[in-house]
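In the two assemblies presented below, subunit A is common to both, partnered first by subunit B and then by subunit C.
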Partner chain A sequence: MSLEKPSRDTALDVGVTEDGLDYDALADLLGGHVLDREEHLNAEGFVIRPDEVQEVLSTLKEEAGFDHCACVTAQEYDDRYESIYHLRKYNDPTQELSIVVPSPKDDPHNESAARVYDTADWHEREAYDLVGIDYDDHPDLRRILLPETWQGHPLSQDYNQDQPQIVSLREHANPLEDDKRSEDDPDTMFVNIGPHHPATHGVLHVETVLDGEQIADLEPDIGYLHRCEEQMCQQGTYRHQIMPYPDRWDYISAGILNEWAYARAAEDLADIEVPEYAQVIRTMAAEMCRIASHELALATFALDVFGDFTAVFQYGIRDREIVQNLLEDLTGQRLMFNYLRLGGVAWDLPEPREEYFEKIRDFLDDLPHKLEEIHDLVTGNEIFQMRCVDTGVLSPEQVKQYGATGPVARGSGVDYDIRRDDPYGYYDELDWNVVTEQGGDNFSRVLVRLREVEESARIIEQCVDLLEQWPEDDREIQANVPRTLRPDPDKEIYRSVEGAKGELGIYIRSDGTDKPARFKIRSPCFSNLQTLPEMSQGEYIPDMIASLGSLDIVLGEVDR
Partner chain B sequence: MSSDQTPPAARDVSTQEARMGDGADDRFNSTLREAFGSTPFILTKFDKFMNWVRGSSMFMLQFGIACCSIEMIHTYAIKHDLDRFGSGVPRASPRQADVIIVPGTIVSKFAPRMKRVYDQMPEPKFVVSMGSCTISGGPFQEGYNVIKGAEEVIPVDIHVPGCPPRPEALIYGVAKLQERIAEGESSPVTVKPYELEQFGDLEQDELVDKLASEINEDDLVMRYNWNDSP
Partner chain C sequence: MQSAPLPETLANLLGLDPNSTAVMIVMSLIGAGLIGTLMMTNTALAGPWAKRKITAAFTDRIAVDRIGPYGLFIIVADAVRLLSKELIVPEGADRPAWDLAPLIIASTALLGFAVIPMGNGIQLADPEVGLAYVFATASMASVGLVMAGYASNNKYSFLGGLRAVAQNLAYEIPLILTGASVVIFAGSLQMSEIVAAQQQSLIGPLPSWYAFVNPFAFVLFLIANLAEVGRNPFDIPEAPTEIVAGYQTEYSSVYFVLVYLGEFIHIFLGGAIIATIFLGGPAGPVLPGIVWFLIKIWGVFLFTQWARSAVPRVRIDQLIEIGWKGMLVLSLANLLLTAVIVGVTV
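On to the complex of A and B.
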């Protein structure tokens, strides 16, 4: 029962049939706009003219129900530039469609989609920054990850990595400086929060303009941890060299979840079947990572809201230490696991197995009590409730506009979880629930995380049961994978998994060599962070700090 | 509290006598006192004393960059508890801190800010670089945007290798730093670091000409010559 979807909206189901999307019907809907149709592994790609982007996308959004612009991938070919809009539906993410927009090599530009999907704003700025495509009619086309004085676009073909660069350190201007109704109007005050600030969870810079204690204008400034993850992955070979990097995207112990994102995309690309036993181990390890990640999210959130380094924070870390020990026993590493391999996992469970199962069970047995303690200490606390209930409210419509996923979406009542909706691993064989809360405020997001910890514990328990009874002669941890993996040229795939923060997607294009030609990471935090101005406009500044904490961003994944 | 002890007032002795007991109060017989012998005076050089004090009470800057900061949090927190070694109180402001742990990859946009934070710390100040990224750029060394090590920007006293280093390794690094400080060893000097300088002071070349319209003469800039990087 728990894995059933709520009934879908019938008005917006052009081309929806029992066995997948009927792309002909969608092509009919778009009529002459479709110049060509490409076959991507996850969905069909419709090629459209660069000056018809808004028209096509709004038709698909309004009439065919593609309300989720998951990702915008930009890339340069030998003869053209290309932007791909990966569309899917919040109701059913298996219904996917890629809109492919080619633009000319000498003057790459196409119409912006930011007027249709708010989330495209940042995605297109990133595409402009790294690849160098101009988006016409974009509200604010500036560099987003690299410094504004950077020369060249690093993921374009003619970029010279050795050229010197100059980066400036100067005062930021108050955007509302001259925005006064009269001479007597009070001044607004510009405040830099970050990039070195204890409440920004890393190196985020929030440019804030205050009117009194309320926020008049706010803009997150990112890129202080942009360490070229996509370039690194494009330089690595599929089989071994890419897998260590996903650990370092979302580094809050969510390593296995990230590795799985790459593993899933690459396995589907190269058509590798993973043994069931390995899938169970992956599922178990991934849920342990989710617990570790949510524990830290709670600990740092309490740190932001209470300023309390001594009690709540330490409770969270205490529980994390136990999970990290379990993961260390399994993978040999505390944080950067590098445990998944294409087609399986690196090694079997640690021996003696009984002892390891015992340890996990002990942890699971203690967990309800610990969560109760945390509910006592945190969510039941009146001060905490005053800070969090009805602050930072995000409506379901805003969630969809900005492509927010994960606990942020589920805290606003958007019932979207890739583990259930687009199942992978062993999730669809297990009994668990997708947690949603209707509030949409900071409190709901914290509650969702805490309740997800319980669900993760349920999943782990079932996995342990399965692993315990698994027949000894059937413990296959690795499929047969060629030593050097060379997927066929020009195959394209976008695949996602449910990371700790939401939909973590990977787009890979192969070119027949043993390295990907384009490797694009769709990070959930990048999209989630975009909702911060919506949540904080007009609120008090401490509420903005709480909202930022409840978004639970990790800068390694925002900036990549 | 044990209840079977007779309260001092019940016996006919003064408080001082009760406290002295049969001889000198053994609370004073600490290892420190044993080391000093019977003399109540300590003879030491002021410098040496100050170094010892400095090493024994360090305020860290609360400074998180990337993956390593997670392990750094664990080092401060329960189980590993860096405070046991007299250096576990993270300060949020650089003006109150003695030590900066650099926990993660430094990229071009962040380096000028890190330099500024370092400059804001009062002397004497010390730097522990945590993780491979702060040694050489680590796994991201080939990235177009990555500074090849913290030493390109600020001088570093102790390098803690690892990706990321375990909390135990960081504790060892901090302990080593304390040892060095207590022994009065001086800080290293970075050779040819990337400096913050005014745009107008840069040597004129193609790039500077190109950016002249975007950057003011007196704006601070950091110029990266990637070819000179190790």
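On to the complex of A and C.
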């Protein structure tokens, strides 16, 4: 069976048993560090002291094998602040553990995890920025999404949304002012790449210190597209108001994948069973989105390497257009699909069904030929190989340290795909493969995406076969869901799906009302982008641009 | 096909005395105006219209087709649009140099056409060192690029200027060495002589154009020429996705038009050099010489656009490596072999 994971060597880790994780063994491992144990829906949460974070996390990382710090969620309660470190394993993401770190209301601070997991660096900066928790021993605790001059922390309870931000012009005179870093060394030059630059795929600002044309130091500066997405979701009702919003996170045709992330978390939270027929439709639509997204990723990567709006870009767009039309037939929309509902999908396949299946089959039949064309033009091109092989190299260790997922991780040989490792939808019933490449360079990442398009096509084909034979009186697209959804109070859940860019996770805490008390988005692009400095240190500007392109970030999802 | 240079032809046509200096000066100016206008017309056609149409054909699109037949009036619309834009002078620009750079880029390329024989007696002058003169004027553009890059007071422009120098140094030498192998064949630097030497038959109806006599040199020259005019895979000094627009980042309005114009004239000058020293100049059956000449330079233009649509850009260090380690060695070998062959056979 293709979905079998090649080797699972988690058996040596503490707490691993045949039927899952033994939390008692883990608690024994940590001994007196564990003050209390909480039940979260996805895993147990261990409450620890705020000044023992590094000790606990490094024990868990080294001895219990939790090598993936998926997300850091910060939130404020009436009596305390709380940071939750969502730990998982790259080998088996179903083995989860939440480390809950409460800190006092009057002076919220706890030890930083950035020394243990590099990825925690940005996650904690975000927590500091939006919630206001201080992280001791953090290498660089600054605001990350909001401007340096912002007053207050928007997700904290005493923040007044109506209070205007009054900042003097002097403080804001030139936000892109020359950095002092280059002044120490007369041989280097400081360049602002972005926020307006042809190759930053949106409004990304990369502060770059150049030595000649080589990159001596580099730091991505994000937040230009921050749209308060978590707050927007916290103000919407589960049942109706949140679902249209995920389409806007990763707005480049990955809408249904995002919707599914929310749907999966919320359905598990409210214990809703989705009918199988709807799951098949979801799976098919999600893979169409993945193809569209990967086609565009390839097109824009070619744009960065070829250097102009060239043939490859147009071919990528041309092929994506067909998928886009299929999705339009299904959902009525081209980008903002709003097709999934909690407990199912909005409507059944378009009538006449035969015609729609025919259309999908035509697309699938043409696809190998088109991919062949792209391989001829792009991956087979020697100049392209010269540019992409062995540039922007990311080792598997770095991937895990930075919590990179999706094609970026699989391009470095890290065999991690939520669709297989933590199955949802209809994926575990279908026959397909997880694609990995060992190179870790820009070229591998492109190859992974191209081969994943083929795998997605296989999945769609099987879904079409299933849907075609589905008995007519069994086509249930929607489960029974109460008109107003009020999950029980104080339930917490972190659930993820394999988005187009990687692990797209949602953390929800309910408080008994019809709106989430805390809604946290774990964006794959956010974590992937953190690897950029590692990849481009010492390389030339063109390679840095290529690496940025191969990460395939969408700023709407990075900045949220 | 030896014909008198254009000013003499003009003087004879108007019944004036070709031996009078004053008449010759006036006639030269008129001739220069005619040739300049001809090349500018071609550029106007190529820049706003043909380039779009060609790229569109390569990339499955339609491109301009709203104004006039085949969208041709876009040329007028673009001219009005570009010339009516605001000229923005960057803070801290090095003024005389910043203003002069676009002029140098545009005018030096135009100078080269003075010695190109375009057929039907259209050649402004035919000095004995014609080929050396053409290469000299073609290389002068680099000066303009450096001035533009350095004077703009912009880091991207600066990087673009540096790249332009590095690239031109790496490619100018192979270009000229390959051109020199043609000089060994023809035994002259005079353009009309080089053209005349290509008129005999090689095998049957195939003329002895140097592209057929020495295809190796032709390919080398084509590649070096791509780098010389800065088109893919060698559009490194501009590299839109890396350094925004390189040396031309800060130019707007009229200055931008001049820089852009200069680039296209440069492509056509490259085409004219290739046509003259490798493709038999204006020679060709049935059609008049000037038509053949234009067909050939447009052919080279089409080639550059094709490369631009289909080939990825190399990195600056890779380009320099290809230039110094690959092209230079090959062009030297070519020169040496040509010298030996010509020495043995003649």
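The rule we apply is simple: the second predicted complex is superposed on the first by the 535 of 560 C-alpha atoms of A that agree within 3 Å, B and C clash if a C-alpha of one lies under 4 Å from a C-alpha of the other, contacts with A are read in each partner's own complex, and residues count from 1 in each chain.
To be clear about the criterion, a residue touches a chain if its C-beta (ideal position, glycine included) is under 8 Å from a C-beta of that chain, and two chains touch if they have at least 3 such contacts.
Not measured: the values here are computed from a predicted model.
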Inset, instruction - Identify which of subunit B and subunit C touches the larger number of residues of subunit A. - result: B
Inset, instruction - Go through the superposed model and pick first if A:E503 touches only subunit B, second if only subunit C, both, or neither. - result: neither
Legend entry - Partner chain in contact with A:D304 - subunit B first, subunit C second, else both or neither: second
Inset, instruction - Please work out whether A:R227 is in contact with subunit B alone, subunit C alone, both, or neither, and reply first, second, both or neither. - result: first
Legend entry - Which superposed partner A:I541 touches (first subunit B, second subunit C, both, neither): second
Inset, instruction - In the overlay, answer first, second, both or neither for which of subunit B and subunit C A:L296 touches. - result: first
Inset, instruction - Could you look at A:P198 and tell me whether it touches subunit B, subunit C, both or neither (first, second, both, neither)? - result: both
Inset, instruction - For A:M189, decide between first (touching subunit B), second (touching subunit C), both and neither. - result: second
Inset, instruction - Check whether A:R318 is in contact with subunit B, with subunit C, with both or with neither, and answer first, second, both or neither. - result: both
Inset, instruction - Pick one for A:I383: touches subunit B only (first), subunit C only (second), both, or neither. - result: second
Inset, instruction - Using the superposition on A, tell me which residues of subunit A are in contact with subunit B and, in the other complex, with subunit C. - result: 198, 309, 313-314, 318
Inset, instruction - Show which residues of subunit C lie in contact with subunit A when the two form their complex. - result: 55, 58-61, 155-156, 159, 163, 232-233, 235, 239-244, 308-318
Legend entry - Complex contact set, residues of subunit B against subunit A: 62-67, 69-71, 73-74, 77-79, 90, 92, 94, 104-105, 107-114, 116-117, 133, 139-140, 142-146, 163-164, 166, 196, 199, 202, 207-208, 210-211, 214-216, 219-227
Inset, instruction - Write out the stretch or stretches of subunit A touching subunit C in their complex. - result: 189, 191, 197-199, 213, 302-311, 313-315, 318, 377, 381, 383-384, 386-387, 540-543, 545
Inset, instruction - Could you pull out which subunit A residues touch subunit B in their complex? - result: 146-151, 154, 159, 161-170, 195-196, 198, 201-203, 223-229, 231-232, 235, 244-245, 248, 251-253, 296, 309, 313-314, 317-318, 320-321, 334-336, 555-556
